[in-house]
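Here subunit A shows up in two complexes: once beside subunit B, once beside subunit C.
Moving on, here comes the complex of A and B:
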């Protein structure tokens, strides 16, 4: 037993995958015959935007920060895309991504240069982005919004009706994250800044640059996730990504990244996103009252985080 | 001499002030709006209809919108602020049937006309102008159950657990269901959110669960989209009069989509203001006004005609095509789309 625990402690990712398997068994018990290739393909389709948002969240949480503006950025990007699609797909996509860069830059300046607490900084910019989008939406009632075909394919398309298109984007993001965090100087700097900012500063590292790029990337990932989301719903409203805010943090924590920074990585977040998506699916299929579903969702996330903390202590 | 001039000037000023006073008393009302679900297309259109009616009436000097996500406690605070801001009429889309009653009474005691639109409140002082939400569900459910020949597996995609409109609709749905013993229902709450609906629909489709028909509380085109992307044959779908869904009922009929749209005009907002302005000008109105919804299906010729007449390619998929509620609203299509109040 202790050998098993020792093994799991050394390879927490294995523990996470076992947990995911447990959820799949749970779904099969609730409704036998559900976990099919089609179910798995849907799960990947819906886990992708969460995991892409989680990529950004992993980056900032590794430095001991957090980004609470990701949901507003994703929603804003989706809404900008839909309302500007009639003036050309390319410019609409560019505008959507630009929103991510602008909010990311403001977050970066606030956290890195002005030393505002990340929680407060990103809460503020998130609210500002959301408010600005409401003002904008009321100017745009007659703008013929639609979602470009390429984004629909990205967010809902499947190759051979089985392999979701957004999986390829997710793989690209994942490869970039895993390579970037583990094999590049910038990746090591992120861990170092999260571990001991003061020491980094004394060692002559320009900490503000690391943090600035970090928050910029996070918001950009959030904007990309917004595009995937709106492709999946084929319509944008101003609450599109609201329900992704806390899961984007939760999938990082379940995946083993410390909220104090310096420890963790993206591979855990990947499995974390899959676990949360499977959990949502399980609760949809579970024939119980809505309040009970909410209680279960909260309780399961809590116990996952608690179990993980014990395992990695 | 100088003194005389001064007197004249003062008199002139007083006269001007009096004239100004009567001009504003001739009916420049301040209107407050309290809404607690933001980012929802229907609610945005509702607010725009209030602004448009304010503009079209010429009786309103200012529309103050308190617009944020929240529940009864946030809404009570918002209404309190609107009272302080000097509103003569307050239009609310209530987040709870009972919890707002004390603050509504406070407002009414100050002579403020309070109109609850879209969803009901139980305060006797308030005016309530809503789409008949019980009927909304009854009409759609009856169409669906008849379409299925009175038997089969139906998914009921509800809104937000606990809000009055959802409770009323569920009540109507259940009342009709009692007459159809061979219809089995699975209920899901969508929170009126697009991605939650998309994911839930795809989960249900992937689970292999038998589904013969879908009733939705308004997030309708997302369900049809999910069927399309999953490559599953369509089942009858009931939705609201959302532009995107109406377009699907027209354009996907050839591909086997059958369905019905039940009207649920967001223009109840503007209608609520129309009623409030009437009351402020001492016209009598009953305290409860219910608008009876209509059903447009794409399986009858008459229904198809109505759908085609209503469809507007330029409108957002989740904006309702019903922009007016006669006789209470007076604005034009351009005015509601401009979404500008005085």
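Moving on, here comes the complex of A and C:
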């Protein structure tokens, strides 16, 4: 038994995959015959936007920070896209991504240069972004929002009715994250800044540059996730990504990234996003009332995080 | 047999491992009532682990602890304290944001008793309502000791208490230790300073690689103790004064020149130059401006006045990055300030390279591995626990803090007390490395709180007193007596008197 624990401690990703398998078995037990290739294809389709948002969240949490503006940014990007679709796909997408860059830059300046607590800073910018979107929507009453076809394909399309298109975007993001974190100087700096900011300062590293780029990238990922989401729903409303805020943080923590920074990575977040998607699916199958579902969801996430903390101690 | 029964503390075959790293294999320790007993050993020999097991910080895997002939297992330091066993650990167990008084209350010791102890250590004037973080490290050590004394210990364990203390404060600690011995208490004393062990302790137990290798009376046994600590590799690492640079290259432009440097209240106008290939020692009592001096040269603080020049070019630093780029690199006193505890050795060593934006992209992994391995080899870093830096012993951590600059390259190495709390063997390795670095044309500025190091490691020494240079001498003349006189500001008066 202790040998198994030792093994799992050394390879926490294996423990996570086992956990995911456990959820899949649970789903099969609740309703046999549910887990099919088509079900898996849908699960990946839904997990992708969460995992892309989780990529940005991983980047900031590795530095010991957090970004609570990701949901507002994703919603805002989706809304800007839909309301500006008439001026051409390219400019609508560019506008949506630009929102991410603007909010990310503001977060970056606040956290990196003005040294505001990341929690407070991003909570503030998230509220401001949400408010600005409401004002904007009131000016836009007349126009007819629609989601460009290319984004619909991205968010809902499947190749051979089986392989979701957004999976390819996810794979690209994943490859970039894994390579970037492990094999580039910037990746090393993200871990280093999260582990000991003062040591980085003394080693001649301008920490603010690292943090600024970090928050910029996080918001950009959030905007991209917003586009995938709105492609899937084909309806831009101002609460589109609200329910993604907690999961975007939870999938990073379940994936084994320390909230104090310096330890973790994106591979855990990938499995974390899949686990959360499977959990949602399981709770839906159990057919319990919405309030109870929320209680169960929260309780399971908490116990997972606690178990994980034990394992990685 | 009678001596056996005299042992108030009797430890038999204690073993402890952390994951795959064995900290103690089989430690034995017998301490008599009313003796000062030295616990000696190289870094990583298991001294601190043994202290923590005795005081119940964590349990032993096997072995027995007998106190007054009775088997005891303490489950927490609080339990040990109730039994009269109190420790002052290597890192002060003090919450920085609380006041001193609040810290004392945390440990449930009476303030009056603490004040009495503080008086005996000569720090009674410290305001107990100040936050601990505002108090300098040396004073904090003495307050930590006062707190331990206030609970009236039968057995007092002092882990490296003098490591960060200047001579005058260390003397006060010794006086208090002798006083407690007279009262019948036993003191277990851990220190890497052989001279103070010989002067203060009655007997010594030596640990090597987690095993007790011998017990000896300390009187005149310094060489014997060192041999036991180091085992077979004893004479290999000795640094001879003869290896010192021949001081013929005085015509070369100074690698580092400091003119009238002043910063805050601490540093009030200091000028000196370090030549290429020279190791310049800096000696001073606590708080004579040495921190400010090193911080200014390393770009950590901005000087109020004066000039810093490297290779004849005047420089102005707004960030440590500017100093690093100019080749002035700092190894800070506190290892925790320099290192990434959760990251592997490799990332710790490679860190400074990524300070430049052009190195943010893909890493040439092979080239990096070669550089890191080269630095690790030169410093003989033990890489068994290389996956997380915090699992290395203190000496190996210090080596990593130096190795990083070997890998990144530098002109002047600014070492602030690099051998604090490090064993004799590692110290010698560091001295010979500094010499090697100098022989290859770089320069070293070395502050040390251990005065004998000046002669061993340096070519020349300056002494700071009250933020100014109070003495300068070739290393050959820098015996402890002379350095101490200068460190107390006495040398100038001396010179005037003879004139």
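As a working rule, the second predicted complex is superposed on the first by the 313 of 313 C-alpha atoms of A that agree within 3 Å, B and C clash if a C-alpha of one lies under 4 Å from a C-alpha of the other, contacts with A are read in each partner's own complex, and residues count from 1 in each chain.
Quick note on the criterion: a residue touches a chain if its C-beta (ideal position, glycine included) is under 8 Å from a C-beta of that chain, and two chains touch if they have at least 3 such contacts.
The structure displayed is predicted, hence computed values, not measured ones.
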Next on the checklist: Given the alignment on subunit A, is it a clash or a fit between subunit B and subunit C?
Outcome noted: fit
Checklist entry - More residues of subunit A are touched by which chain, subunit B or subunit C? => result B
Checklist entry - After lining up the shared chain so the two structures overlap, which partner does A:56 touch, if you call subunit B first and subunit C second: first, second, both or neither? => result neither
Checklist entry - So, A:189: does it touch subunit B (first), subunit C (second), both, or neither? => result second
Next on the checklist: For A:148 in the superposed arrangement: first (subunit B), second (subunit C), both or neither?
Outcome noted: neither
Checklist entry - In the combined three-chain arrangement, what's the angle at subunit A toward subunit B and subunit C (CA centres, steps of 10°)? => result 140
Checklist entry - Between subunit B (first) and subunit C (second), which, if any, makes contact with A:39: first, second, both or neither? => result first
Next on the checklist: Under the stated touch criterion, which partner chain does A:100 make contact with: subunit B (first), subunit C (second), both, or neither?
Outcome noted: neither
Next on the checklist: For A:247 in the superposed arrangement: first (subunit B), second (subunit C), both or neither?
Outcome noted: neither
Checklist entry - Regarding the shared-chain residue A:118, is it in contact with subunit B (first), subunit C (second), both, or neither? => result neither
Next on the checklist: How many Å separate the nearest C-alpha atoms of subunit B and subunit C in the overlaid structures?
Outcome noted: 37
Item to check | Contact set on subunit A toward subunit C in their complex | outcome: 183-186, 188-189, 191-192, 195-196, 198-206, 209, 258, 262-263
Item to check | subunit B residues touching subunit A - in the complex, by the definition given at the top | outcome: 38-41, 44-45, 47-48, 67, 69, 161, 186, 188-189, 191, 193-200, 202-209, 221-222, 225, 229-231, 244, 313-319, 336-339
Next on the checklist: If we count contacts the way the header does, which residues on subunit C are in touch with subunit A in the complex?
Outcome noted: 298, 300, 319-321, 323-325, 329-330, 332, 336-343, 347, 350-355, 357, 359-363, 365, 404
Next on the checklist: Looking at the complex, which residues from subunit A come into contact with subunit B?
Outcome noted: 31, 33-34, 36, 38-39, 41-42, 45-46, 75, 130, 133-134, 137-139, 141-146, 156-158, 161, 229, 232-244, 280-281, 284-285, 287, 290-291
